[in-house]
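What follows is a single structure, and I will ask about it in a moment.
Per-chain residue numbering starts at 1, and chain names A, B, C, D and E are given in the order in which the chains are listed.
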Amino acid sequence: MERLPILSLITFSPLVGAVILFLWGNASARAVRWIALVASGVSFALSLAMLLRFDPGRAGMQFTESFEWLPELGIAYRLGVDGISAPLVGLTTLLTLIAVIASWDPIRHRVREYYITLLLLATGMLGVFVSLDLFLFYVFWEIVLIPMALIIGIWGSANRVYAAVKFFLYTLAGSLLMLVGIVALYQEYFQQTGIRTLDVLELAQGTYSSTFQFWTFLAFFLAFAIKVPMWPFHTWLPDAHVEAPTAGSVILAGVLLKMGGYGFLRFNLPLFPEATQRWAPAIVVLSVIAILYGALMALVQRDFKKLVAYSSVSHMGFVTLGIFALNQQGLSGAMVVMLSHGFVTSALFLLVGVLYERAHTRELAAFGGLARNMPIFAAFFGFFALASLGLPGLSGFVGEFLTLLGGFRSYRWAGVLGTVVVILAAWYMLRVYQRVALVRAPGEPPDPDDPELRMAITQGVPPVAGGGDTDQHTPDPRTFPDVTWREALTLAPLALLTLWIGVYPLPVLDMIELSVRAILAAVTGESM
Amino acid sequence: MTELSATHFLLLSAALFIIGMVGVLTRRNILVIFMCIELMLNAVNVSLIGFAWELHQLTGQVFALFVIAIAAAEAVVGLGIVMALTRRADTVDIDELRQLRE
Amino acid sequence: MDWQRLLVSYFVGFVLLNVLLGLMAYMTWFERRVLARMQHRVGPNRTGPFGLLQPIADGIKLLAKEDIVPANADRLVFLVAPLLSFALAPLGAAVIPFGESLHLFGLEIPLLVADINVAVLYVLALGSIGVYGIILGGYASGNRYSLLGALRSTAQVISYELVLGLSLVGVFILAGSFSLQDILREQQRVLVIGPLTLPNWYILSQPLAFALFLIAAVAETNRAPFDLPEAETELVAGYFTEYSGFRFSFYFLAEYINMIVVSLLAGTLFVGGIDGPFADGVWWLALKALFFLFFYVWLRATLPRFRYDQLMGLAWKVLLPLALLNIGLTGLVRLWGIGAL
Amino acid sequence: MSLQVLIFSLLACVSILGALGVVIARNPVHSAIGLVLSFLNVAAIYLIARAEFLAVVQVIVYAGAVIVLVVFVTMLVHPDDLPEFHGRRPLRIVTGLVLGVALLLEVAAAVLTRSLSGAPGPWTDEAVAAVGGNTQALGQTLYSDYMLAIQLTALLLLAATIGAIVLARPEAVSERVAAARRTLTISLAHPRGLDQPERPPALPRPSDGQVKPAGSGRPIVLARSANEFTEQPAWGEWRTP
Amino acid sequence: MERTVDWLVVIPLAPLLAAVINFLFGKWWIRHRAHWIAVPAVGVSFLTSIVAAWTVLSRHERLHQPLYTWIRAGEFHVPVELVADQLTVVMLLVVTGVSFLVHVYSIGYMHHDPGYYRFFAWLPLFVFSMVMLVLANNFLVLFVFWEAVGLCSYLLIGFWFRRRSAAEAAKKAFVVNRIGDFGFALGIMLLFTSLRTLDYHAVFEAIPQLSSGTVTAIALLLFTGAIGKSAQLPLFVWLPDAMEGPTPVSALIHAATMVTAGIFMVARAHPIFLASPIALWVVAVIGALTAFVAATIATTQFDIKRVVAYSTVSQLGYMALALGVGAWIPAMFHLLTHAFFKALLFLGSGAVMHAMHDELDMRRMGGLKRWMPLTYWTFVIGAAANAGIVPLAGFWSKDEILVGAWVGGAPLLALVGLVAAFFTALYMFRAVFLTFHGQPRFDPHELHPHDPPATMAVPLVILAIGAAVTGFLGVPPETGWIHHALEPVFESATHHKVSLSLTLGMALASTLVALAGLWTAHAAYVRGTISPAAVAERLGPLYRLAANGWYFDVFYQRSVVRPLDAAANWLWRTVDVGIIDGAVNGSARIVALTAQMWRRLQTGLVANYALAIALGTVLLVGIYLAFGSTLFR
């Protein structure tokens, strides 16, 4: 059947935009933005069509495309999505679109280069999710690295070069290990069957010795663990997030981290079932550490973005916990957490960006009482903060509960320790919400009807000044205008999706279900 | 050794090549080094033509032709570099040209 | 082995060389006379009838002069350079066919010193080697004027040699050979176009190439209006400022021999060489060469000297593209078979 | 020993002498003369090997163009201040000679102990003559079997030409490169240049009563009339009226 | 017995729609008309609840409405279904009824607030959440709305977000609740891992299969949730602080409905608790202790709302005690009556605050009876009901609890309850006397206290009537209307035969205790025969203990919050930045240093490079000559 190569179209339409921008040397900033918008919009629309036509009743790959590329080496251009990658493709295109819109005003320098980089990044990310050939996958995996490092390193804030280099080297170290793993796997499969192939699905059919599995698993694992990032490979993340521009953070948190989780699901589990079982307890330990550690770190951050970044570490800990719990709830939950984290954390970064645009600082101490002059901002922020702390009815809860349930089923202690984080998450998220949106601006006196003022008058207790100690002089938060319609446009779809996943996650869960079941069957060796 | 054979060409080629190499190694003037490199390339041509002649092939000549073309290209670029270098560093002494270090 | 042929060639060459030297000597006389006429002067007329003995007197004078080597000079090179120039100059004539073979004493004597199948390239190669005479002479003098003259000359000669070579490519394409014999043979054919019967001279089919060749040849021989290397007003006398006596005469000789060789070459390549009405023969070639030599003098008398940048600009920006255009056109014509002349 | 070998040996000897001259001569122009000598003899050797076209090309390209260029450049760059006039490096000469001798021995050993083992090709003298000579044969081979290679070579020469122009005219080219960079380059520099945009130093206010010193320390004096202006010395001491 | 209907969803849907509309369009469009949306919606909800209650109670059938499947992952299957049985409808009536009244009251109370629309968005949202909590058919959905009411509580406590105290209180409420939820969630997970289902019915069926250890663990974990939500010891600290919210909120959420969610949940899950005597014992002990501790604290507070708040904690303790001793129906009965009189008390104190311009300190009130008779009388009814004065609502329900405790095998706990009852009467009437009796301790010329407007007065009156008469739902004891209504739910629970003499005796005892408290309060604050200051002086440490809330807050601050902060800070600065990141940067530095060393090989001298090339050539050719035949064939 001659079908539309929809996955290729999705993947490469941003690239087309990038090429147009590249060739059109003297495009005005306005034209550049519109071109980027159209390119990412087309990609998004196509991915929506793809998701709508996706058949959740089939476990295997759908919309597959394949043609030989380097047949002597067994390298082919193979694309396809299943229930695991399809939602992530949708997430990626959506966040790319949002990133394009979110960069509309904040990026004022080297606009054309910026959007070229962004679109290139989009193609790379989409390629990672749709490619079924290890070679292709690796290529896309590495393609992602460079634009992201550029975005951090060029359009970032003060310490950006350090962050960019750290991000680049850290993740590159991981992916090189993965390359070693890929080559080893390729060779091993060739020696066993005499077939040279890099087709993931075919490689998964092979049986490998346990020692081989053990080490190759490790090679793949490290690449993905750094990307996720798991404790203790997480230290690039706060730096990268803090220095990246808003859209960069959005993409980084929303999509790049998912590539790690996706890698586990797509490669580590089906390819090395035995090693997965052997490594799982250790990884679960790391995951639980990450969950708690990230939350504790978030508790003491003074930088808004760093706080969100550490909360990402915590959330991604749920993902790995769910995956290596190795049961249906855990895996499905991990997928939902990935999606949810994509929406929620991206939105939080957008919100930080909104503030940064106005205050040019991310110090929490510089803010306060924003709910009065920025009610829409406060509403969005509150919404996403609640989603982030796992309030039921919003997307965070579904995933977290499923992963914790999965973890609890497999490792009781892991579930218990992981659940502790619901307290910590509430604590740090509400703390920062109060800090930023509630009470009063720094230095602002209490309102006339405030009991604090009454206490001050009647008992001589001086009111606690709002805000905290900041080194630099920052603008008064009371003068900040509320979110612009464009900013609201980036936030609203994320809010709707967050609510949708929270209230009616069934379509997503159904989409994931069979694919996850197939992976589980591969790992545990049970039939479906 | 009584009849002319490829061996003669080869020995001549070797001699020229090694003289060129020694020149490259020992001289300080970048232009002389340049000439020595040309000498080495030419030496290679000698052996190519020798083989071509011995074996009734034209391939050797063809390749010699390419070598000449490439040598010409190399000369043009190399001399351009020398010009630029002397314009900047005011010397042709390779012991003083250390830009490669940084 | 054909020792005989070698000997015959040697003999022919010897004769040719002597003829050339003689011609050269009277070329100077010819030039001075013609130039003088053009400038409403008389010219040399005291030494012998019509001043015909003037070249001999000049030669004796030069040979009798002291051979001065400047203290600053690179002695060996200084001494060798003019010899090089002089030695290379007549070699070009060796490949020019002066007619069909003669049969004397039971021997076949070709009126040609050497029939090389890369004859034209050989001439070009000689031209490029000839540069060394100039550049080494200029360098060895240890004199800035000389050096500058030499550099100018080198750049000029290299540039125009390129034009020269490329202008000939059209001829090569039509003739399908580098050999002058072949080229000549091609031109001896008769071209019949309708009612016209024309000789197949390449001046007709390659007019552009001919023009280019002529210009380039003038420049190649450092003659006016391209005589920049020896521009007296700017560079004293260019690369041979420091030369005197017979070494100077070598350069002088080389220049005139070059002129003659180039004229012969032009005559052979474009206007049919020995081909002509009534009876083919060396006299036709001589006539044609004489015309070109006259042309040289004519130019000298008529045109002022080029400025240096104009000179180079002309070569690279005008002549070279035209030469390439000519090649392209000729190639196309040949490819489409129209030129199956 | 045949005549051929004799001629060959003669030419080879001169050629090697020329090559030695290249290496030994202190003056690069002498080196160049040696090189030309060597090349011419090698060209003659080509003639022995029935490679007439190559022989001529060797002369035209190597002797006539490349070496002329070298000599040209030699004369352009400080002809009186050549490195070898400041002494040589004995250690380097010794190492070079040792290496050279070692390689020579190795190659000689290789050449003399082995024999040619290729199959003879089709281009016998008769075959070459049949197509009209060496040039024609070479042309046919070149433009059929080596079509792509020759086109690539052409491209290479073009690139080299452009490269040489770029290298030789840096001042003109830098502007052109900058213009190209403006349209086609993604720069890695930060858009704002510096992290903290450096503020220009505050200009002295008119009320400060100070005159900003010029580069040489001379005060800038505003001329009130053309006469006054011409009276100021362009260089040197400031005259107090 | 079970009937599937399709109108049950109206009960939650109406307030949800109101909330959404008010939230989205309130600020710019609806503004001060917000109540026109919220109040009718809750009214509809209330009427539908009545219909549901009538259907369920009269026909003895369960109503059931499946909505959709929420989560499906493997065998983990969570449908959203609405189920109304007897327990549910009683709760529904309480929730929607009180909510309706509070909504009406809020029209007047919140009238001048700039966040009026917001208030009328959050309040219906709470109603929705609470109703869904009650109607849920499985533990996870219960948990979802459990958290949702927590959210509403957060939003409403922090309603005046510009006040630091309000923001802090809201955060504290949420976080402390989360501690309870942590246990609750674990309980649900354990339940699922053990039984592979979360559906009430299926779970209760399967309980006997479980080992007693597991059941106890599940029960205790679930009860942790209840501790948090229903403000039991040791997690009650959030509730008094929650008084920073507007008073209607306190009335509705922190007295009448939300805090009883814990009680409701335990009652709902009673088969699990019944299977674990240890868990029941824990519930009872914690309940009794909470009742006592909170009562003592309430006695020492001066903030009128705090008094009422601690009273709530104390009353919730009673309910927990009832649950623990197996007196399920009395617990629910007390829940019902408590809803009325506590809502009344809060609304009454709200009226006082309204009149006193947000003054909360009873030491600056006094003599208000004169200006606010309606408020006074309704407040007295509420206080008396709370104190358990015959024949008001509180008397009947509390009496049943004490009886239940006595016969349930915990006479000691019943005695604790009695002691607490003394304090209850004491602090309730202390509040009444301090507020309404005596001379005004404020300047009447500046403040002109007056009775509230009709929208506030009508709910007060209705609630007062409710507080007065709802007790009769449980009369006669053990066989009242309420008992019959709830009987089917708790049929599996064991029933103790209660003798009439015991009932009467306990009634007498509690009445005496209550009157003693009343007398003490009168003596201290009206007649002045007892000096409260002197008593406080005499009791010394004990007084300070009570006045400072038994130092729970201090303890948490010192032993949990600050150490955790410090530990996190240490982890960040030492472990994260120092060790982990240090290792990363350190390895980078090592590479850089090594590279610096290698760099020396790069001399920049072309001659050296050429030499290296030549050397390499010589070596390669040598190798080729020596080993070529073996290496390269």
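To be clear about the criterion, a residue touches a chain if its C-beta (ideal position, glycine included) is under 8 Å from a C-beta of that chain, and two chains touch if they have at least 3 such contacts.
Note that the structure is a prediction, hence the values are computed from the model and not measured.
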item	value
Two chains sharing the most C-beta contacts	B-D
Chain closest to the middle, measuring from C-alpha centroids that were averaged per chain	A
Most widely separated chain from chain E, with each centre as the mean of CA atoms	C
Chain centre separation in whole Å, for chain D relative to chain B (CA means)	13
For chain C paired with chain D, centre-to-centre distance based on mean C-alpha positions, whole Å	31
Rounded Å distance, chain A centre to chain C centre (Cα mean)	80
Chain A and chain D: spacing of chain centres that average the CA atoms, whole Å	54
For chain C, residues that touch 2 or more chains besides their own	none
Sequence positions of chain B contacting 2 or more other chains	21, 24-25, 28, 94-95
Multi-partner residues of chain D (at least 2 other chains)	53, 57, 65, 69, 76, 92, 95-96, 99, 103, 107
Interface residues, chain B side, partner chain D - complex	1-12, 14-29, 31-32, 34-36, 38-39, 42, 45-46, 49-59, 61-62, 64-66, 68-77, 79-84, 86-87, 90-95
Chain E contact footprint on chain A (complex, rising order)	166, 169-170, 232, 234-236, 293, 296-297, 299-301, 327-329, 332-333, 369, 371-372, 375, 386, 391-393, 397-398, 401-402, 404-405, 408-409, 415-416, 419-420, 422-423, 426-427, 430-431, 434, 437-440, 446-447, 449-452, 463-464, 466, 503-506, 509-510, 513, 517
Complex contact set, residues of chain B against chain E	21, 24-25, 28, 30, 33, 94-95, 97-102
Interface residues, chain E side, partner chain B - complex	602-607, 609-611, 614, 617
Chain D - residues contacting chain B, complex	1-2, 4-5, 8-9, 12, 15-16, 19-20, 22-23, 28, 31-32, 35, 38-39, 42, 45-46, 48-51, 53-54, 57-58, 61-62, 65-67, 69-70, 73-74, 76-78, 82-84, 86, 88-89, 92-93, 95-97, 99-100, 103-104, 107-108, 111-112, 116, 118-124, 127, 137-138, 141-142, 145-146, 149-150, 153, 156-157, 159-161, 163-168, 170
